[in-house]
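Same chain, two partners: subunit A is paired with subunit B first, then with subunit C.
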Partner chain A sequence: MPGFLKLKQIRGQHLAAVVLFLLGFLLMAVPALAQDVPVTDDDVNAVAKDLFCPVCESTPLDVCPTQACADWRELIRQQLSEGSTPEEVQAYFARQYGDGVLANPPKRGYTLILWALPVVAVVLGGVFFSRYMRNLRVSAADEVDEELEEGVMETAVPAAVKPIAQDDYKSKLEEELRNR
Partner chain B sequence: MIPDLGYLALILALAAAVFAAGAAYYGRHTNQPRWIESARNATIATFPLITISCLLMIYSLVQGDFSVEYVWRVSSRDMPTYLKVTALWGGQAGSLLFWNFLLSIFTAAAMARNWRKQKELMPYAIMVASFTQIFFLGISIFVEHPFARLAAVPADGNGLNPLLRHPGMIIHPPMLYLGFVGFTIPYAFAMSALISGKLDDAWIKITRRWTLVAWLFLSLGLVLGGRWAYDVLGWGGYWAWDPVENASFMPWLAGTAFLHSVMIQEKRNMFKMWNIFLVLLTYCLVIYGTFIVRSGVISSVHSFAQSAIGPLFFAFIAIMFVFSAYWMLKRRVDLHSENRLNSLLSREAAFLYNNFLILAILLVVFLFTNYPIFSELITGEKGFVGPPVYEQALAPLFLLLLLLMGVAPLTMWYRSSAERIGMSLRWPALAALVFIGVLFAVGIRGWGALLGFWVVSFSLILTLLEFWKGTRARMKKGENVFVAYSNLMARNRRRYGGYWIHLGVIVMAFGIIGVEIFQEQTQIRLAVGETASLGRYEMVFLGATRYAGPDDLLITEATVDVYDNGRYVGQLHPRSELYTRTNQPMTIPNARSTITEDFYVLMVNWEPATADQATFRIYLNPLINWVWAGGLIFVIGTLVAAWPDPAVERSLSRRRHPVVTPTD
Partner chain C sequence: MSDIANRLEQPKKSSRSYLSIAVWVIVLGLLAVLGWGLINSTAPRPEVGEMAPKFDLAFFDGYEWDGKTAASLEDMNGQIVVMNFWASWCVECRVETDELEAAWLKYRDQGVVFVGVAYADVEPNSIEYMEEFAVTFPHAPDLGTRISNDYEITGVPETFIIDQTGEIAYVQIGPISSSTLDQVISQLLADGG
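Here is the complex of A and B:
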């Protein structure tokens, strides 16, 4: 199946990305020896929380136990200690590995669809729903007849024959509970 | 020999299912009850046959017959017996066999329970259920063959995926599967009603009951899954909007919408088309969910279940969808509402608002879950939607739903007066305002959290008031408060069981707001004797030891002393486990649980070389136990509402045939 082949290719790409990154990491390790800004694990996790693990795809980076993720977190630490802001680090990852690594994809380009679709769907649904509701509503004149009909249909609950126009919640509840 | 018998039993079950579908069709069209009865017997026969197949698979697993590929794949000699049994659903082929088994239980039970009263609906119900069974049996027999043999018999097997070795895994998958499979029965009856054109009350009653059963199991599966994630996966949370979690959440949502809107049909004979649609939607989402879980089309942490059965599932969903849509359109005239909506402020309208919100949530979850597929189609690159996005998009919808949950029970059928509802809401709204005022005074900030807590406490008060009003109404008969309450529950189980479910959701919502907004965490490297602190808690690292566990397990266990406000409250033992055969690590948390919060400790790193140092990740999860408590209340409420009650069934059938005198 082509779809599944594609999936495998993507896995391959991810693997390649990890390998490339490891090479890059080795190169970067040299200047990093001169770091001075202390970076805590919490700082690293704060950035990693909004990134995805490169191998396990839908697992957030800060909690993933795999080695690849540990290496990525190390890279984050590196960049933070060199003075990058959390946003810059995330932007770096997005540049290197695509927007796919961002747990909170930026609202630009085609990802706008992601945001627009639910909003459009909910609004359209709301419009449809309210029009439907309006169509369903009947004029006040019809109502009385209908209620009487309804009442007759429900003879098992005798008081329902009475017009229900006055809204007496308590007595209605009592009546509903009475025969049980 | 044994595996061949298991295979044979499956083939016989397939033959029985094919015969059942054919005989039901033939019997119905030639009007020969004998054939329909024969179809019923064949349907019931699939149950013992698939049971035999499952038992033989379990036998092979327990015996360690590694000539069977599946046994080799998911078990090993040193696994304890209970894990060998549960390995039945520890892999693809076994899960599908188990799916088949559960489906045969449900169909046999439906035959036994509904045969006498629902003769007219039976032929098509048998056909639809059998068709589903045929599809899954076909997959088991022709694609994911559980009894396939290996040419050379290996000395030992691979062992079960470590994630699945937790005791929670014994019960979580079967519950989810029961929930999934269970929705086949309501679907079968709904389709049967559509095809036969018998669209009176009968099908809705059966469908509601079976939906409630399936929904109960699915709810249990979801809650247990959350608990399992919290106890085993080691990331401090219980729900990650993982595709597989969403796959089981979506049919749950559709089922929830149906269980509400079905009441409009029962009471007012309205929205028949809509109810049919919801049943069909639920079923399609179940199959789609199985497809997501089983095909690995959207990668997830559950990807141990991947294989290439995707296209078959896709075809099956398409067929069922077209089939359902065809019959729904064909019968659209018969499904026309006999009544109309009188007011936008009525019980029936409230149910519609509920449906609108639930379907909006469903739609958002569906779009986000499938985003990787859209994204890959458009850009060729897989993107994922992370939990923050879900939370932003869904929080307002969930809050509205919670608000509606509190207010809706105040509405009445036909119409309600805005004035009365306003009066009833005034004091609870004010009380909830006082409550968040108190929260603000004790230092809780953030408008999101305060708004959330206001909505939830408002709904809580309104729900409790419903119980009080009902109890009061009965106390007028001279019963004391306890008798009145228990009679209220016993005699109106569906209504007040439903309110218990609401109560469970509200308690869970408190917990979810607490964890989502106020979770604190820190990660720190400690040497022996050093202290970490988070919130009121302090933790002293006392050291770690490494020892061999059962199977191929290597366990590293840390010991920490925990102090709450400086007072010693006990020791915790977070562990890291390594399955040496597969080199798969697991981080098992240990938590100190109280009603207000969990102090949850993970040991994320420990180097044997520097044995006196370890890295810990510590979470403070406020109100997390409310999530579990709410889940428990929820399940109890569902049991109350769903338990068969002969008296109520009699009174319901009496109401449908109103031959009673007005003085009754």
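Here is the complex of A and C:
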């Protein structure tokens, strides 16, 4: 019985060693496989178009003919072939060369305002426009009220004047006038 | 009439005025932040006679200064600092690299520090370039292009010579010659800061 247990233990150890070996092999193989990811010029340019040339002002990296941009495109190709995603490549460039190389500013810090500004402008524009329209309506209603009030004073027959406005404010106003 | 009318009107007016204040606060706040950002992004280029902007450098592998793999301008206080912006893709930089190295070897023991800052360069290319020219003075990448932004460089090569007190003593746009380096460094050494 003890001999059987020992044999079982040895077999278990062998099995564990084999599993560890296979795991190790897989771990080594993953980066090697990742390096074989085929990268086309289109793949490189898809990332490069969202980056700016470090030398020429506001020139996208995919169309820039300078040596600096050629080097950067080669770096993009290398990183993509190593399995990096386009987002990871862009994050690397931003870290290494600053946010200024990104065609789309990151949505954080000061640049967040640039993203928020159009939304805020539309909202504020809406608020101002609605206030303007309301003011127009109120001033028009005030003019009508003034005319109505003058008419009431002249005729001194409030009941004869049918209320034009329908809201509570006008009803109360008329009630007060009637009570005078 | 006026009592009731005023009472009815008051809450409407006050809520409107609060809204108006809030809107103006938002608008002015946004404009202030935008203005602050614009002022910062268009900071003037540091000129001769002005204090040099501070910097931190983490040198490329294999390079060090004073036994350290990273250094700041404060660490170099009391020394003349020759800071050269370059890149491996820069053709004109090739003209001056040997002259910078020669000047470094000449003045390194006289209280003069040379630092190379690789601008917008790919690290393996930078290392290849430094090996090609066998440069021995410390070099570092300009991470996030922070240093070149602070110094508002217009391109590469550019060289800033900072005196012992941290003031900019000389700025060279384009390749710097050994005669210029000799002239400026000798003068600063003679003045003693």
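By our rule, the second predicted complex is superposed on the first by the 102 of 180 C-alpha atoms of A that agree within 3 Å, B and C clash if a C-alpha of one lies under 4 Å from a C-alpha of the other, contacts with A are read in each partner's own complex, and residues count from 1 in each chain.
Definition applied: a contact is a pair of C-beta atoms (placed from the backbone, for glycine too) under 8 Å apart; a residue touches a chain by one contact, two chains touch by 3 or more.
From a predicted model like this one, the values you see are computed outputs, not experimental measurements.
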| item | value |
| --- | --- |
| First, second, both or neither for A:Asn45, with subunit B first and subunit C second | first |
| Which of subunit B and subunit C A:Asn104 touches, first, second, both or neither | first |
| Partner chain(s) touched by A:Gln96 [first = subunit B, second = subunit C, both, neither] | second |
| Touched subunit A residues, subunit B compared with subunit C | B |
| Partner chain in contact with A:Val127 - subunit B first, subunit C second, else both or neither | second |
| Touching partner for A:Val63 - first (subunit B), second (subunit C), both, neither | first |
| Partner chain(s) touched by A:Leu117 [first = subunit B, second = subunit C, both, neither] | both |
| Touching partner for A:Asp71 - first (subunit B), second (subunit C), both, neither | second |
| Partner chain in contact with A:Glu88 - subunit B first, subunit C second, else both or neither | neither |
| Subunit A positions touched by subunit B in one structure and by subunit C in the second | 98, 100, 110, 113, 117, 169, 172-173, 177, 180 |
| Subunit A - residues contacting subunit B, complex | 1, 3-4, 6-7, 10, 40-42, 44-45, 50, 52, 56-60, 63, 65, 98-100, 102-105, 110-111, 113-114, 117-118, 121-122, 125-126, 129, 133, 136-138, 142-143, 146-147, 150, 153-156, 158, 164-165, 167, 169-170, 172-174, 177, 179-180 |
| Complex interface listing, subunit A residues touching subunit C | 54-55, 66-68, 70-72, 74-75, 95-98, 100, 110, 113, 117, 120, 124, 127-128, 131, 169, 172-173, 176-177, 180 |
| Subunit B to subunit A touching residues, read off their complex | 234-236, 240, 242-243, 268, 296-301, 308, 310-311, 337, 339-344, 349, 352, 356, 359-360, 363-364, 367-368, 371, 374-376, 378-379, 381-389, 393, 410, 412-417, 420, 424, 469-470, 473-474, 476, 488, 491-492, 521-525, 585-587, 604, 615, 617, 651, 654-655, 658, 660, 662-664 |
| Complex contact set, residues of subunit C against subunit A | 1, 4-5, 8, 16, 19, 23, 26-27, 30, 33-34, 37, 87-89, 119-122, 125, 141, 143-146, 149, 155 |
